[in-house]
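Structures incoming, each one as structure tokens.
One chain, chain A, links the two complexes that follow: it is found with chain B in the first and with chain C in the second.
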Partner chain A sequence: MRIDQTHRKWIWGSVIGLIVATAVYIPYDRLTMGGAHGGTVLGIIYGSVGFAFMIFAGLLSLRKKKPVWRMGRTSTWMRGHIWLGLIAYPLILFHAGFSFGKGTLTLWMMILFTIVIVSGIIGAIFQHYMPRMMTQQVPMETIYAEIPRIRGQLLDEADTKVAEVTGVSMSQSAMAAANSQTGGVIVTLVQMEDEVRNELTEFYDKELRPYLEQDGAHGCAIADRSISAESFRNLKTLLPDVVHPVVNDLESICEEKRELDHQTRMHRVLHGWLFVHIPLSLALLVMGAIHAIVALQY
Partner chain B sequence: MARKRTAKSLGQRHDFHYFQRWGGWRLTRAVLMTALPAFAILWLLSYHLRGNAIPYSSGPLSSVHSFTGKQCNTCHAPLIKAGAVEVGFRKHVSDQACLSCHQAPAHQAMQTFTPTCASCHVEHIGSPHLQQTADQTCVQCHGDLKVKSGEPRFQTAIYNFDAKHPEFAPLRDNYRDPGTIKLNHFVHLRAGLLGPNAQPVQLVCQDCHRTPADQSTPWKYGQPRMVQAALTSESDSEDPHNPAMPVEPIHPGAGRAYMAAPTYASACQSCHSLQFDSHFSDSVPHDRPEIVHAFIVKKLTDYIQQHPQALHEQIRPARMIFGGKISREGQQAVVARTPAEWVKLRTADAENLLWHKTCLQCHTLNYQGETQTAEAMPEVAPANIKPVWLKNSVFSHYAHVSIECSSCHTKAPTSQETADVLIPSIKTCQSCHNGQPTSFGKAQNGCFLCHQYHNWNERSQPFQPSHSIQELRGANEAHGVEATKQLSAMFFGR
Partner chain C sequence: MTPVKEITLTIDGRQVTVPAGTTIFDAARMNGIPIPTLCHQQNETPVGVCRVCVVDVGSRVYTAACIREAENNMVVKTNTDPVQASRKTLVELLMSDHPAPCARQQHSGDCELETMAKNFAISTPRFAKRLTPSHQKDESSLSIMVDHSACILCDRCIRGCSEIRNNFVIARQGKGYAAAISFDTDDPMGSSSCVSCGECMVSCPTGALTNKHVVGQELGLAGGTSVEAQELLALPVFKGVSGTFLELNKGAVVKRHFKKGEIICREGDYGSTAFYVLEGKVDIFINSPRAHVDTEGSEQGFLSKLASKLKPRKEHQREEENTQRKYIHIDAPVDLEYDHPVAQLQAGDLFGEMTCMSFYPRSATVRAAEDTVCLEMLRNVLDVLQKNKTFRAKLEQNYRTRALETHLKSVPIFASLTQDFIDRLRDRVELQRFTPGQVICRQGDPADSFYLVRIGFIKVSEHHPGGELVLSYLARGNYFGEIGLLSAEGLRTATCTALDHVEVVKILGEDFREMLERFPDVRASLQAVAQERTDENRARIHNLQNVPVDDFLRQGLMDAQSLLVLDLDRCTRCDQCVKACADAHDGITRLIRDGLRFDNFLVATSCRQCRDPLCMVGCPVGSIRRRNSLEVIIEDWCVGCGLCANNCPYGNINLHEFPAPQGSVGVKATVRKATSCNLCYDHPEPSCVYACPHDAAHRVNPPEFFGEMLSGKKVEPVPFSMAPGMMDRR
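Let's look at the complex of A and B:
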């Protein structure tokens, strides 16, 4: 989510809330015996409000899972998630009197909370900038979960293209595709010398096909756009002009695979922080609930 | 036909049921979302089954309580407990929990408010001693002091050592030292003072003012013969001039907190001899006049028995001592006719010297009745030396051992009157004790440093302990080990 004008009310609300909390905290800390700590009435209030904000932030995932519930727009929940989650951190510090957890449980909670907040801030920055980058750099962006399937489709398409000009089948699926298009007979569009055919099949076997098969580049030279362009240019010089449209298609398939890889990388950056943020947030909420019960008891 | 990529062609590639499938990315996240909270719960559950509440501790225990370890319930007891049945959610530390191990005499009979133990002695903050209470705990009453009835005897608004703490009581209202020993500090600290054997010495404070622990060690001006004479009598009975000092346990500062009241044996005897007769080099014991009298009579009786020729010596009518003259008006030079008379005359002569010169030099002597006769036995006024001037506070000279005495007792080198109060002003203390110990160049100045809340004179004796060591150190550790084994078997099958 981009942090834009629509966040203005939330930003001001958070800043004012933080100023009020700080204004209350300063005299409270000075006048309280032994300084501010979680066991005082105000300390419990700070802790309760902070924990309530954490719970609200945690409910975002539930809200996303129930999109038809009439509980406000998900974008509004996301804004609340960002700003209330952020302000929860200073509130919890006020609750603890700026102690970073004196007990084992509270220490771990503060460590988790810090990681959650830092990962959340990093995630918010990514979510602010990367979608635009994604649109610019991956114009044919697809659904991330469908990338392996589309990669398979690209491979089949490339196999078919090569089989069409060389008569050499690369895979069963390509054979099937060719059969369905030609009535069971492999028909080559051009007559090529074996040497020339071998150049194409060798390039396809050793360079292009391994690249299309695998997830990512993993040592494939043609993953690099300039090397790829050079390779296809060289290939065209070796092949007759009539085959050049097929080579262009192969280059287009290669470019699409390159974009898919780039999308995969960007997606992992854009969403990878959630592997830290969400599980630790849940663990933190569980530990926070236990801490609240036990602290009130003791 | 050249290959074309359009949104439509791309869209047709998708399987629109993709969201129903669990890919690696989604599956990993779901596993983590389940595993991490579950791990947190298991972690806490494992402690719970072992009867160990350490993770919930709000901080490390103080060193004095750390031995109780995991036995949180020793202090955190439910309000109502009948055998194994516990009622009530809250387990705050009650005063009863503290008093089951500790004595805590009340502060003042007139106090209007008694804080809870835990409000002053804050636990779970680590190694600092529990008696290091925060100033606010004292200021909550002493910031606006009220008493049950009448007017408070103490300053009614004190905020800390640097804010509105009054000057020390002995330095207020022209208070005078009630001591009766005539001592001129200026003279005693003067260069070239005649010391033992008429040799000039330069006395320093420690020559006379020593702690009880140091007083028992050899003294550089000590003369065995004199010490023996002085100590023989002083050890027989309690010295009325030297109040007994409290016995302290053995540690480097033991017996070195306060200065002992200087005694004749420990500070005076080498220079101020108590010689009483020219026939003897001995001194009389530094004791009550009756004992001194008996000593003189015995000495003279023994002497005349051994030296009968001395009977014919003429008693001198006047005696010159220290350049001064002791008058004995109307007394004529006489010669004793019998040993008893000789003893009587010599005793009168010796006591005349002692009562009117030697003892009087330092002591105040009182006589019963209006008229003073030669035979009258004086009564020595109590020395009234105050070993502790500030009775509502504690102080340790040992803690300040590296500081020159005169740095704090600034008036002592020039004091010429016994009545001068020579303890340092509060400003002297405040010049160093003006901050928290962590502040550079500032010594701690918390109330607890000098003041005790509990009136330990009111300590009830004997104290009845109510816990066994097994109970405090963890009788249920065995239960904890068993529970851990069960938990391990439950999850790991062994």
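Let's look at the complex of A and C:
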């Protein structure tokens, strides 16, 4: 999502709405005994409009649940969600006379509302910038849900490559992968000194394989691009030239895994804020409804 | 009676007496002296082209024994060392270009040339092989394979065809190294007037002309009985078919007995045979439940009803075709009614032609309605039958009397034709067959006929300075030729080429014009269709001419008419598009958010609505088709054979198992159907685009979109409704 010229109407509408609300609020606050508060007619109007905007903003998730229903384009709902949700905050402040809550319920509501608004703004910023970053930084991007499967494929491919030159099968899956490629027999293609072979095996077993195996890069130095480049360079100096293409392949596999990790991290950031925003929004709506019933009843 | 004059000569030291006029070859043969030969056969006029039969008669040069008449007191030496050396050199020269072992040698080990070479102890010829063969193999005939490289130009096939069979199809053409046998005016054998009698194969001494049976076509006998050539020739439909051919193809026809209720073949199955009903009747029908494409379910309960109100379907259909499908076209002489897809075939009917000739999946299930006897045959036999006048006459008669009417009425614009006019057409239409690649009508030629497609697929293309542009593919139930007939110039505007074995119903221009005069509504409909097709063709050529060609366009994107493009700078990877697609189509998504990336745009894996929709070619029931607008849709009578999915070069058609609708009798618990993006034709806008919260998903017209991108302009995806092809209908 990009907040661009397509949002212009909504931005202007929100600014004008805010100016009007502020213009009304200033004399209302000055002329009202004890200042503006929620119990006055204007206060209730501010509260009702603000709460209505909050409800509309909250309906976006329901709208997304029924994407085929022809109730207006979801992008329109999204713009409404952003700008009406944003303007709801000053309206609620006008409703409360800038009091941050006189009772426990209202205090918590204001705290939640602030968190919801802040998380929403952060989310909007993330969604504005991060898609482009992801496009640029993850050229081999894949479908997020496919990442574990692709990681497994990379691991199998690396196992097979290593087995081809060392003759040592790394795992059952590697054995199966190698078998499928070599027709049932693992063939050592390269004659190497045991010591040299051990260097490759040790690097693979201790550095590369654990990194390829796990989700993320916890404790793996090779996850760092410069360290990785250095490690592979060192490995090439130790190994005969004929093995270098395999080392290059392993380095490419490592790079792809790094990209997958990067995509995972970015995806989590891009969508992680929703774990705060959505539940707190729901809680806020429920509390807002309780507050409205209680306030109007008494 | 005049006594025959006799002469006496000496052959290899033996004095022999033979009638005057006898050739040396015959004189030797009659007296048990063998002279080797390649070009000569007893039942053909000798021509003396191979020169292997040379003998020494004491003259300056050796003479060919097969053509030289014996003379009184002549002394002939057939087996001296110089004669043998001369023969050996000739054979060695022939072997230098011969693809040993040739097809005949591989199969039966009786290639006369290779046998002779073995006798002369020639293993590797001393002479260099020619670098490039002058002719490629001709495999166009279904029964005979022509390997020009194995031909020694002995002319035995030519004489067999002309002298023995009087068919006059084969002749020689070219000079020197370019010399070869040819069929008619150098046509491929399959497209020539060859009737596949098999005489040329029998005559050929090498593997130049071999029966395709050699390469392994044989029908299993399981549940059937082999039919002898004599028995087949006794059947009226085989009258005139070459007995030699039937002998050579023994096993390619099997007689099968089916008990009442027994299934003969099932829709969707792959096969390679056709069936001719000898006795009895069969029911032909589509068994697959028609569901899961029209995704509107029945709504029950208040909330569901409310939801249905928010899910407008029919009332929001984009304006396009206003005709309802009434018939399903299948691979049989009859079409099936959409509402009741069952018909009956009887003795004398042939079904499974497209499966047999072009290996398409079976289009319908056939069940014996009573105890039935069928001849099941392979394509080489069917091909010969199709060329046989008796059989063709029988089939055409069946078509005229039983199928023409339903065929015409199955085309919506002809629904209003009256019975008397159809009766008039019955005797005047002509059924024409075309082999793959054969041009039916050529752009620029005078338009003299109108065509209905009966069998097979036709490519409609237009030539322009940039090359050939495929405008459309036509299958059974489609028609062509109306634009040329309706235009003032009266010329063909496109070239129509048979993609596989095609049969069309040709309606002559005068009948077509009378139809237009008598039926103004038919004229109006045809004119509207012609105008629409002309406009679409112009738009396509305009798009093609205005877009630069670049590497990435070779990915096939320029052929697409509508691409689902995701702007990755806007897309938050929330997968709302995928969810919307699944939601719109019974929970099965028809798009994958992955694919080619160009700059910041991702071309999602979803139907591209190609201009050249290869997916349509071969659908046995015509369920994948283009509407009168942009969308390629799969109709609900899909039999799940998967051919369209295999044909799609971009992997955008998938097969899914769906639970069979309740109440379906005699079908499996699940049915397989092909699914592909239909642009949500029952909505004003595709659901994936409509549901994207970030305005990242767009259906774009690629020539415009990528054309601007390549020219360096800023790209803003146009709204879906503005895409060409849709624009003029909204």
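Criterion: the second predicted complex is superposed on the first by the 298 of 298 C-alpha atoms of A that agree within 3 Å, B and C clash if a C-alpha of one lies under 4 Å from a C-alpha of the other, contacts with A are read in each partner's own complex, and residues count from 1 in each chain.
Note that in this section a residue touches a chain if its C-beta (ideal position, glycine included) is under 8 Å from a C-beta of that chain, and two chains touch if they have at least 3 such contacts.
Quick caveat: nothing in here was measured; it's all calculated off a predicted structure.
Of the two partners chain B and chain C, more chain A residues are in touch with B. Shared-chain residue A:131: touches chain C; no touch with chain B. By the touch criterion stated above, A:67 is placed in contact with chain C alone, chain B being left untouched. By the touch criterion stated above, A:240 is placed in contact with neither chain B nor chain C.
In the superposed model, A:27 lies in contact with neither chain B nor chain C. Contact with both chain B and chain C is seen for A:143 once the two complexes are overlaid on the shared chain. Of the two partner chains placed by superposition, A:216 touches none, neither chain B nor chain C.
Shared contact residues on chain A (touching chain B in one structure, chain C in the other): 142-144, 271.
Those residues of chain A lying in contact with chain C across their complex are 1-2, 6, 60, 64, 66-71, 73-75, 77-78, 127, 130-132, 134-135, 139, 142-144, 267, 270-271.
Across the complex, chain B is touched by residues 32-34, 38-39, 102-106, 140, 142-146, 149-150, 153, 157, 245, 248-249, 252-253, 256, 271, 274-275, 278-280, 282-283, 285-287, 290-291, 294-298 of chain A. Partner chain A is touched in their complex by these residues of chain B: 2-3, 5, 7, 10, 13-15, 18-19, 21, 23, 25-26, 28-29, 32-33, 35-37, 39-41, 44, 53-60, 72, 76, 89-92, 119, 122, 124-126, 134, 136-137, 140. Partner chain A is touched in their complex by these residues of chain C: 307, 310-312, 316, 568-574, 576, 579-580, 583-584, 592-594, 597, 600, 683-684, 687, 690-696.
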